[in-house]
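After this come two complexes, each holding subunit A, first together with subunit B and then together with subunit C.
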Partner chain A sequence: MLILDILTTAAVLFIVSAGLLAIFGVLKIINFAHGAWLTIGAYCAVIVAGLGLNPWLALPLAFLVGGALGGVTEHFIVRPLYQRPLDAILATWGLGIVVGQLITLWFGRDVQFTPGLLSGTVDVFGISYSLYRLFALGAAVVIGLGFAFLLEGTRLGLTAQAVIMNETLAKGLGIDTGKVRLATFVIGTGLTALAGVLLTPLTSVDPTMGVAWLIGAFMLVMVAGSSFGALAVACLVFGGAQVIVSTFVSPILGGITVAVLCALVLRISPKGFARA
Partner chain B sequence: MPDANTLAAPALRRPRIIRSYLLIALAVTALVLVVFGPSFLDRFSLNVLTRSMIYALLAITVDLLWGYTGILTFGQAAFFGVGAYASAMVLSHVGGSPALIALSFALAILVPVVLGLLVGWLSFYHGSTPLYATVVSLVVPIVITQIVYSGGTWTGSSSGLVGYWGLPLGLAGFFRLSGLCLVVAAVAACIFVRSDAGKVLIAIRDNDTRCAYLGLNTQKIRILLTAVLAGVAGLAGFLFANASGVVAPENTGFVFGTELVVWTALGGRGTIIGPVLGTIGIDFLSANLSGRLPFLYQLLIGSLFVLMIIFLPNGLAAIATAAFSRFGGRSGDALDNPKLVALDDAERQSAPIGAGDPLLKIEGLKKAYGSQIVLQGIDVEIRAGELVSLVGPNGAGKTTLMRCLSDGREDIDGRISVSGADISGLVPNRIVGLGVGRKFQVASVFDSLTVAECLRMARASLDRPNWFAQSRELALPAPAVEILTLTGLSGLLGQKVSLLSHGQKQALELAMVVALEPRLILLDEPTAGLTKTERTTIGTVLQRLTGDLGLAAILVEHDLEFVRDISSRIVVLHQGKLVLDGSVDEVVNSQTVKEIYSGGGHD
Partner chain C sequence: MTEAAAMPQATTDAAPAKLEVAGLTSGYGAIDVLNGVSFEIRPAEIFALMGKNGMGKTTLLKTILGLVPARKGEIRLDGRAVTGTGPAALIAGGIGYAPQEQPLFQDLSIRDNLRLAMKSDRHMKDGFERAFGYFPFLAERRQQRAGTLSGGEQKMFILARALMLRPKLLLIDEISEGLQPSVVQRISSVLKQERDEFGTTILLVEQNLDFALGLADHWAVLKRGGIDDAGAMEAATRERILEHLRI
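Coming up: the complex of A and B.
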């Protein structure tokens, strides 16, 4: 039971952080509007449910909406700030406020409910466990493998890696770094919105839901650097710690475990898990 | 002082006086408003403005950290909350007698200061990044909020603490007290940031490495600043807890921390007055408007903030100062020239040249990056008065050697000692303390400061900087004054460094290093990109420093002609090994050197 909790918690953390990591890894920009994109995704699920469509349709819709908005954001807000990373944090945070308020104006500030994507429980090794949490585990694996394929197996991934390693050189070799950045940002934000849909069965949907997830995701990405493998490890280790603290000490302290442990890890080893 | 140079024009000190009067006028106006405000403001406005002014006090601390020192922090909310909770907890659980109010006051400041020291220690260590400090500043408010939530009846958990009795002041009283605290803090901050000591903050923001190589312990300064400003935030918390009669978890939270940053940004970071006015304006307006258009108002603030960060990073105050300088004819600080004064040289005993124990001793130095060996088997001794040139083709390890000499944390084998003291493990500012000055390859100066302020920074570790004002004199060791005079910088003391030419920046950095009164100077290609005349000037200065004043210098240089003209000894490095160490003639006529430089030296 505990092991399943740890695995599924880590999976959820991974899903939530992956989009942020994609952007931080390539662009070295911390997208503080990450929470807003999670919220956008969740509200896509609300819209789909409102139209009476199949809830699974929310996934592609969120990816498209999130990606499109991400493209606009990259062009108008993030692009002028690549040389001022601390200001980029602030500008994206400001954008997060704007998005949050727009959603509030449109949908009201009340908590929305969405139909579950999957309900019920299954028996795993004799314990009945939430089917959806297990599905989340699978989704995390799919996202992780998808990124591995994208990075290793496609041209975009290869150029993105080149940009990560040495941007000046990549530019010199004729890679259009601007395009790589735009593509990365679009994929990162699309994925984040998708993660927002996946979160809907696990949390309540309201305009400020993203902020709660932002910090955890942010800390995990800081520890992971720019590697998805490191992110997976970080999610397992810190997600595990969170579950253990929540179970045996106090759920409230469990909530801050990830942030505190990440900060300490970074203090001791500034590169975090990136070397792994 | 016989050799005092009077190079500045003392009559032109008008701008500074205008600014002082302006500050006094502002402070007096603010005080009048604070004292008489309660007689014309309604209850609602009094209440809101009291809160706004307390927030403005916090905005000053954010501005000092972020606007001046470059530390983006969300953590001031945590210190504020801790201060507020410390006083509210004493008042609700122990009691509200005058003695206990005094205790709650002391705790409201002490606890945040201690926490600030802890956070500072966590955030700032040698090699920490600005991003990491921001990360910590995010974690702190979150942790504090969670602790408050799990505090049960002690902290009132999610509903906070209410119904305690604190300072018996009433609405008008709290308005005046908060306003007074705000004015005092704002004036103190304005005076401090304009003082010589305050410029250290800007220097740290501009160029932390250079600060360290000027002997300043920048991490310690950051930690102390964090702790002191945590105390100020705690004071704001105390005022808030007393004035509002309620403390809630939101007061400690990360969202409040970001709001403080937003207000500071909109008002104008790095101006003190801007964030104060910005905070009061936005908080007051939002209290008035949020009833009618709650979300629209937030939306407006958010959009404005994004636009501001992108297009006007210095906030509204930047427009105001630009207008002011156009109006007041304040063309930069060019008129604010201090008087250049040469320090008395008498106490400085110049060691006999070439005699005594070696100043620098390198024994069996080996440096490797993984399996790549960069330096191997280096043994060199350098005595006072020597001007040793380090030559060799690109990739010979010259710059690496310089780095090993000036930063003891480089992972090396062998031993490097300065005046007999082993430098292994010492951070750069400690090695500067041993008398080693380093000039970088690319001029490393402070772009936002003036020439005089840069030079004063070089003296900050030796002469206690003035905390209250900008000194009208600039006292430097004679050789530094000489460099300034020779290069013409002495007439540009009030000039912003960003306006200097490349050669002038190189000369300024050299003057800054010399102003440290080092016994050994490390120079990495000081003449790169300079004109012939500038080269000759620098060469003359270096020969004066070593030949007449007994300093030792190590010079990395590619221009062999220049090297031959000024060196007393030449050390040749090739592929990480010391190939030759001898007099100028020996090296110049050596067959090995010719082979290396003609490209045939690969064995």
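Coming up: the complex of A and C.
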């Protein structure tokens, strides 16, 4: 039971952080509007439910809406700020506030409820366990493998690696680095919105829901550097610690475990897990 | 060699390119590295730009390619102003570039390094074949990390990567630096053959006088951000350039 809790908690952390890592890894920009995109995704689920459609439709819808808004954001807000990462943090933080307010204007401040994507439990090794949490574990694996394939197996991934390694050379070879950045931002934000949908059965949906997740995701990405493998390890270690603290000490302390432990790791080893 | 139709990145037209640079000023931050540079390279000509370290040779190549923005002046390719055009468009338009500093992705395979220089994966095989045709040792080692190549092999790889796209204008930054005479000889013959066969216009930035003298039709010396002296290759050229390169 504990192991399943650890695995599924790590999976949820991974799903939530992957989009942030994709953007940070390629663009070296911390997208502090990350929380807002989680919220946008979650409200896509609210809209789909409100229209009485199949709740699974929220996944592609969130990816499209999140990616499209991400593209607009990259073009108008982030693009001029690549050389000024601190300003980019401020700008995306501000954007996150604006998005939160717009959602409040539209949907109100109240907590929204969405129908579960999967309900019920399933027996695993004699224990009955939430089917949805197991699904989240599968989703995390799919997202992780999807990114591995995108990065190692496609031309876009290869050019993204080239931009990460040596942007001047990439430009000198005729690679349109602006397009690579745009594509990365669109994929990262689309994925983040999709993660927002996946969160809806596990958390309440309100206009500020993204902020709490943002802090955890941010800390995990800082520890992971720009590697998805390191992110998976970080999610397992810190997610595991969170579950253990919540179970044996107190759920409230468990909630801040990830942030505190990440801060400690970064204090001791500034490069986090990425050094290996 | 294969026909034009099989080129991985067919250049817009096959005619040799003419490059004109007029009053070019560029630099980094508050400093102008180039200050009013003017010269002209005729179609199918090999042009050697000589100069000591820190005189702005690399900056000049980077400015022509659009990697460093021009602050003043004009760059014309075949009579058409290309000042302000980005590197992606210029390379697609037929400019090849063999950089000097950090010229390849050490951690990627030779194959992926070549792939990155192509516009798409569509004509990947033709491109590889052409690149390996210049220096066959690359074919056997295509799966290896580019960082495993020795200094001389890296230079040959960089040249093959640039020639693979059959550019009409080739910008080469100190390719002979630190190489054994046999490798320099080999690079020299590849460049000469490329020009004779395809009419490739070549701008050679060099400090190696013998290498440059053996190849170039015209030369110029860059000093303190401007062209100090220039001319055609003649008997007395060697002494004249040496005079400029002396400290």
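Everything below uses one rule, namely that the second predicted complex is superposed on the first by the 276 of 276 C-alpha atoms of A that agree within 3 Å, B and C clash if a C-alpha of one lies under 4 Å from a C-alpha of the other, contacts with A are read in each partner's own complex, and residues count from 1 in each chain.
The rule is simple: contacts are C-beta pairs under 8 Å (C-beta built on N, C-alpha and C of every residue); 3 or more make two chains touch, one makes a residue touch a chain.
Just so it is clear, the model here is predicted, and its values are computed rather than measured.
Engineer: In the superposition on subunit A, see if there is space for subunit B and subunit C together, and answer fit or clash.
Structural biologist: fit
Engineer: Taking the superposition as given, does A:T104 touch the first partner, subunit B, the second, subunit C, both, or neither?
Structural biologist: first
Engineer: Please indicate which partner A:G52 is in contact with in the superposed arrangement: first for subunit B, second for subunit C, both, or neither.
Structural biologist: In the superposition, A:G52 touches no partner, neither subunit B nor subunit C.
Engineer: For A:L158 in the superposed arrangement: first (subunit B), second (subunit C), both or neither?
Structural biologist: After superposing on A, A:L158 lies in contact with subunit C but is clear of subunit B.
Engineer: I'd like to know which partner A:G126 touches here: subunit B for first, subunit C for second, both or neither.
Structural biologist: A:G126 sits against neither subunit B nor subunit C.
Engineer: Under the stated touch criterion, name the partner, subunit B or subunit C, that contacts more residues in subunit A.
Structural biologist: Of subunit B and subunit C, the partner in contact with more residues of subunit A is B.
Engineer: With both complexes superposed on chain A, which partner does A:I77 reach: first (subunit B), second (subunit C), both or neither?
Structural biologist: After superposition on chain A, A:I77 lies in contact with subunit B alone.
Engineer: Minimum C-alpha distance between subunit B and subunit C after superposition, to be given in whole Å.
Structural biologist: For subunit B and subunit C in the superposition, the minimum C-alpha gap reads 6 Å.
Engineer: Both subunit B and subunit C touch subunit A; at which residues?
Structural biologist: No residue of subunit A touches both subunit B and subunit C.
Engineer: Within the complex, which stretch of subunit A touches subunit B?
Structural biologist: Touching subunit B: residues 30, 77, 80-81, 84-87, 89-91, 93-98, 100-102, 104-105, 109, 211, 215, 218-219, 222, 250, 252-253, 255-256, 259-260, 262-263, 266-267, 270 of subunit A.
Engineer: Hey, which residues of subunit A end up touching subunit C in the complex?
Structural biologist: 155, 158-159, 161-162, 165-166, 168-176
Engineer: Help me check something: in the complex, which residues belonging to subunit C touch subunit A?
Structural biologist: 62, 65, 67, 86-88, 90-92, 97, 99, 102-105, 107-108, 112, 115-117, 119-121, 161
Engineer: Which positions of subunit B touch subunit A when the two form their complex?
Structural biologist: 72, 122, 125, 127-132, 134-136, 138-139, 142-143, 146, 149-150, 254-255, 258, 261-262, 265, 295-296, 298-299, 301-303, 305-306, 309-310, 313
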